[in-house]
Amino acid sequence: MVPTTFYVLLSAALFTIGVLGVLIRRNAIVVFMSVELMLNAANLALVAYARERLAVDGQVLVFFVITVAAAEVAVGLALLVAIFKSKRTADIDEVSMLRG
Amino acid sequence: MLNWLIWLIPLLPLLGFLLNVFVIRQERQAGLVASALVGGSFLLAVVATVMLGGMPEEERRVQTIAWEWIGTGTLSIPFGLLFDPLTSVMVLLVTGVGGLIHVYSIGYMHGDPRVVRYFAYLNLFVTMMLMLVMANNMLLLFLGWEGVGLCSFLLIGFWFERKVASAAAVKAFVVNRIGDAAFILAMLAIFSHFGTLTFYDVEVDGQIIPGFLAQVPNLLGQTFGPEWQTIAVATGISFLLLIGATGKSAQFPLFVWLPDAMAGPTPVSALIHAATMVTAGVYMMARTEPIFVASPATQSWVAWIGVLTALIAGTAALAQWDIKRVLAYSTVSQLGFMVAACGMGAYAAAIFHLLTHGIFKALLFLGSGSVIHGTHDTQDMRKMGGLRTAMPTTYWTYLVGAGALAGIVPLSGFWSKDEILAHAVSAGYWPQLIGLFIASLLTAFYMGRQVSLIFFGTQRDPHYHAHESGQAMTVPLVILAVGAAIAGLMNLPTLFSGMPAAHLLTDWLKPVLHEEAGKFNPLLALFATLGAVGMGYLGWSVYTRNAAKVKVGGQDPAYYYTGDIWDTLEAAWYVDTLYQRAVVGPFRSIGNFLAQVFDPQGIDGLVVGTGRFFGWVATGVRQLQSGYVRMYALVFTVGVVLVLSFMLMIAW
Amino acid sequence: MQVPILSLVLWLPALGALLLLTVPRRSDELARRIALVVAVVTFLVSLTLPLRFVPASALGAGPVTMQFAETLPWLPSWGISYSLAIDGISLWLVMLTTFLTPIVVLSTWDSVHKEVRNFQILLLLLTTAMLGVFMAQDLLLFYIFWEFTLIPMTFLIGIWGGSNRVYAARKFFLYTFAGSVLMLLAVIGLYVLHRESIAVSQPGYQGTLNFGEIVADLRSGAFVLETATERLLFGAFFLAFAIKVPLWPFHTWLPDAHVEAPTAGSVVLAGVLLKLGGYGMIRYCLTLFPEASRWAAPAIGVLAVIGIIYGAIVAFAQTDMKKLVAYSSVSHMGFIVLGIFALNSEGITGAIIQMINHGLSTGALFLIVGVLYERRHTREMAAYSGIWTVMPIYAGITLLVALSSAGLPGLNGFIGEFVIMQGAFLAPELGWPFLAFAVLGVVLAAIYLLKLYREVFMGEVNEASAGLPDLNQRELVTLVALCIPIVIIGLYPGFLFGPMQSSVAEVVNGLVPVVAGR
Amino acid sequence: MDFVLFFLTAAIALAGAIAMLVARNAIHSALFLLLNFGAIAVLFLLLQSPFLFTIQLSIYAGAIMVLFLFVVMLLGAEQVEAAQDKLPWQQPLALVMGAGLLVIAVITAVRGGSNDAPPGGEAAEAFGDPASLGELLFTEYLLPFQITGIILLVAVIGVVVLNQQRTQAQSEETPGERPSSSVQP
């Protein structure tokens, strides 16, 4: 039986890679993917603890996370396409009209 | 009866002042009302003095309190008058000489557009001087003290169109104010140590208000100041009073304002800058005599300041061309004599000299006024000469005055000056004696010089036709001349044993000053007379022999012998220029620096600067909103990391 | 309860302002007349205060109660009440305000020409605010009125001021406001500390902001402040008052505000607004924090003395008349602060009477500068010369006022200055070294006032000021109305000193036992 | 046996994630992410949650990644990195922050985890199956369930509105011209 801590460590690693993806990559799509990765990492940890606590609630939570992620991806990509139409690029740094 | 009578003495001139300011507009009335009221208060003074004389010697002190002037916390200062022998003598001098000068002014100031205002100021001056002299506490004395300062400002600056007059007026008031600052400090110290400012105990409806003069002895031990240099309290107070006196009586450090004060009308110079105001310092020292006696240190300072002033002013008077400036410096010099007398403990002699000087110096000033009036306002002696034929009465009265000042035997000046020198001899103040003796010789010389320059030789400046002054001016001159001659009888020393009316004044002042009359010193009297007559003749002969050398606007014949020293003397050892450069100049530059640089940029800079600093910080923070999404994410992550690590720390 | 005199006097000007709102904007003359009537009526009503004021001697021993006290519950849950009362300290300051207001309104006759109605409204509101500060016995009510005085004054300077008015108005508002915000903190702090320490003995105690109760608790030892917090609270209160007074380093807003303010504004600013600071120091700093006052007295004394000399020297170097008078009031207020922090009854009574004297003489000085400004529209001293021959009556009155401001004995300035100096001399914290410098202030005062007098009034008449008309009827009335009290107070200050004795004694013996007690 | 399987899938998952991060071309990174999701699905299986295994594979890997691929194809997934990075200090600081985050996560994981064996050994056989999940979903979590429904509805409407706005803009801006998208190497 693999102890839960390993799963949580894996989830932490994946989460960190997701964060790095958001911070470093300049292509909007890859940023979205990294966000998805972070969500998955969270799901993994949830399921791991669900098994440890023998409470199915964790898995229900993951279920909801997935649905929300789906909605989020839909809207995000729609936005991305809209921006691409007007700015001809997917680079986030170009999109900096809203400045202080 | 005497209680309410003494109130009338200062009230009459005050009434005159109010009438002249608000009611009277016509010149004739102003002159008459003013002189009449001052004359009236003179008569009252005589009556009061006679009544005072009638009372037994030890309770010759009348005090009446009108109301409580300042009453807060432990401070309680009455508004009350005092009438004792010393006051009576001063009041007689002020109202007597003042009255004569008022009459003289009617003639002298005739035709001046603002003559009504002139008489108002003169009356106000007499009121203030009477308040000064008759005050029963230091604060009321200070009211008179600054009041006369104000009147001298108004009267010196009477012809304020002239730049010289307005500058002299402001200078007089400011220099007096410096002295007054020290006076205030002294009053504060007196009150803090004695709890009262009234001179003598006075009984007011039941309870006694204590006087501080009696409590001076218990002051002896106390000292104040830093440990390394403790100063006796008595010395501190008396030294401050001395500075106050030097400010008002134009003594060494603060005498620069008196010569400039000659810019005012001549009767003003006679009244204020010869007879009354300048003597206020000497009167104050006589009144607070116990404090001065309690600190020998200050007494020696007082004596030396007196001698020093006498010498400096005496030498300066030698080299003046303006007729009034000679007399001004001579006044400063004679005041030096009085202060020196106070310093040596001869207060009665100082008062005696004060009285005689008041009379013959007023006579000299009025004489010079009549000369100026007669020669159509020329004040430069080089333009005069040979006026004894054109103005006989002025000439003879002037001669009497000059003789009295020089100290020729029968005249009053001799007796009073001799009294001071005799006291110096008997009390063993040898160095001061030598200084004063030289000063008296100088006095005789410059009076001789002045008389010969004005009245002898030929008229050097043809532009005017000299004429004798009118009745209103010559009558006071004659009265004063008589006074100058016989004033000596007041305090004749005991020439031979069993002499009937010997040293009347000293006995009269005994309840206040507690002094015994000094014995007569024939040898000194001989020397003094010889010196006076000799130097007087020398001065007269030098300037009559080479009268030809004296040109209008030319050099003094003595310049040949003295060279530049003559200029130093004329500028009174450059004391005035020293102040101008060392005090007034830096003060102005500091003022400008503070006003232009330090205040607007310095302090204000801090205030406006804080405003601008916040603006700068705001722009800095604005940079953070750069529009880059990734930067926001980064900041977000940094936030997360910090919070989590902090929570970790706490949990640890 | 008998007629609420204090509320009547307090709210009468505000009602007048409301009445003025109904007046159409264009009718200046009507607005001026109504404002004058309201101001005079307020003064007459306020005259009953000194007449019915019961001096301590009649009260018998007992603790000095505030006279004419009125209280209405306002926010009971926090113990805040609308409570007014006056005692010896605030009586004469209230009278000074009501006495100056009609004179100020009278002086606006031909110095204010645009928006006259609004000017009068603001002036009357300012009067109510100032009266409120002097009468308030509740800390919050005091703070509200204290802040409310800023608003009308800022508009007066900002709208009717000179060329650089907006800068001056903004600076005036922000500077004073910054100080008083600190005071708000201190008020809240005091409230909380007081509630806590009393709640210990009486559980469920809601705390109070009533000044009387807090002082009673302080004196009875029920409410004890340790030294550190007491000094902190003292510092906050003192800073707000020091900016208002203005004490030396915080004075830079005063010259700008005065130079830009209209004549009437300047008179009120100098006449009463500066006194709020002084009054606050006596009423709040000394009574609430005796120990801290003792501790801070020497330091504040040094600042005050610097203020006296610095203000005088800078005044001497000015060329603009109004700036000269502004800096002179910095110097005079330095004297007043020195008096207050002598912490004895002479010093404090001297400070109070000097506040009234300064109100009269500096108010008159600003009116005098206003008279010349209305004729020649310039305040530069160099532009005038020889006014004495052209306008003799005006010159005479100016001389009297200048001398009273310089502290000539026989006039009111000297009484205040001498009593303050005597108080400071006797104070253990201050002593003769302070006085050695403070007395220089007396000399410097004569120097700059006579410089003003000599440059403007003496000398040859220059052609520009040859035909100037002398004072007209209205100007004469305003100035004479100020000169009369100047002379009377100079000769008989007894009627002012009387009522003060008991209240100041109360403050002073608040200071003394604390040393023993703690 | 479980250990071997766990480490294998964990390695694959990590490799996929890192490859996604590093890949130049957006399509490659999308495919690597697909691989990662597969591995996570297997892990779900290991954690006895077969229902989630299927959900992960079908919805996450199937629907969402397909959408990504579609959008990447549409936009041409050009090399965005070529241009000079405007925020030079972004990269190093990001790495530092990432490391920090990792350290914190690891510490909490190690200290937090009860680390003891799961209570009751292998637990009931029917632990992760859809029945128990569904029973819980429709009793206790009914409200969240409805809300997610609404969220999905809003998302769909949003997408439609965004697209509609685009066609309107497109008709004003460039009538007739199809948005050209060039694929750079």
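The letters A, B, C and D name the chains in turn, as written, and every chain counts its residues from 1.
One rule holds for everything that comes next: a contact is a pair of C-beta atoms (placed from the backbone, for glycine too) under 8 Å apart; a residue touches a chain by one contact, two chains touch by 3 or more.
If you want to know which protein each chain is, UniProt gives these names: A = NADH-quinone oxidoreductase subunit K; B = NADH-quinone oxidoreductase subunit L; C = NADH:ubiquinone oxidoreductase subunit M; D = NADH-quinone oxidoreductase subunit J.
None of these values were measured; they are calculated from a predicted model.
> Tally the contacting C-beta pairs at the B-C interface and at the A-B interface, and name the larger one.
B-C
> Roughly how far is chain B from chain C, going centre to centre by Cα mean, in whole Å?
Chain centroid spacing, chain B to chain C, equals 38 Å.
> Between chain A and chain C, tell me the centre distance in angstrom, where each centre is the average of that chain's C-alpha atoms.
Once rounded, the distance between the two centres reads 68 Å.
> For chain A and chain B, let me know how many angstrom lie between their CA-based centres, rounded off.
98
> Roughly how many whole angstrom separate the Cα centroids of chain B and chain D?
One centre to the other, that is 104 Å.
> Among the residues of chain B, which ones contact at least 2 other chains?
In chain B, 628, 630, 634, 637 touch at least two other chains.
> Could you list the positions in chain A whose residues touch two or more of the other chains?
Residues 19, 23, 26, 93 of chain A each touch two or more of the other chains.
> Can you list every residue of chain C that touches 2 or more other chains, as numbers and ranges?
Touching at least two other chains: none.
> Determine which chains touch and list them pairwise.
A-B, A-D, B-C, B-D
> Could you list, by residue number, the parts of chain D that touch chain B in their complex?
86-87, 90, 93-94, 97, 100-101, 104, 107-108
> What does chain D use to touch chain A in their complex?
2-3, 6, 10, 13-14, 17-18, 20-21, 26, 29-30, 33, 36-37, 40, 43-44, 46-49, 51-52, 55-56, 59-60, 63-64, 67-68, 71-72, 74-75, 77-78, 80-81, 83, 85-87, 90-91, 94-95, 97-99, 101-102, 105-106, 109-110, 112-115, 117-120, 123, 127-128, 132-133, 136-137, 140-141, 144-145, 148, 151-152, 154-156, 158-159, 162-163, 165-166, 169-170, 179
> Would you tell me which residues of chain B are touching chain A in their complex?
Going by the criterion above, the answer is residues 622-630, 633-634, 637.
> Tell me, which parts of chain B touch chain D in their complex?
The touching residues are 628, 630-631, 634, 637-638, 640-641, 644-645, 648.
> Can you list the chain B residues touching chain C in their complex?
67-75, 79, 139, 142-143, 145-147, 150, 153, 157, 160-161, 163, 166-167, 169-170, 173-174, 177-178, 180-182, 184-185, 187-189, 191-192, 224, 587-588, 590-592, 594-596, 599-600, 603-604, 607-608, 611
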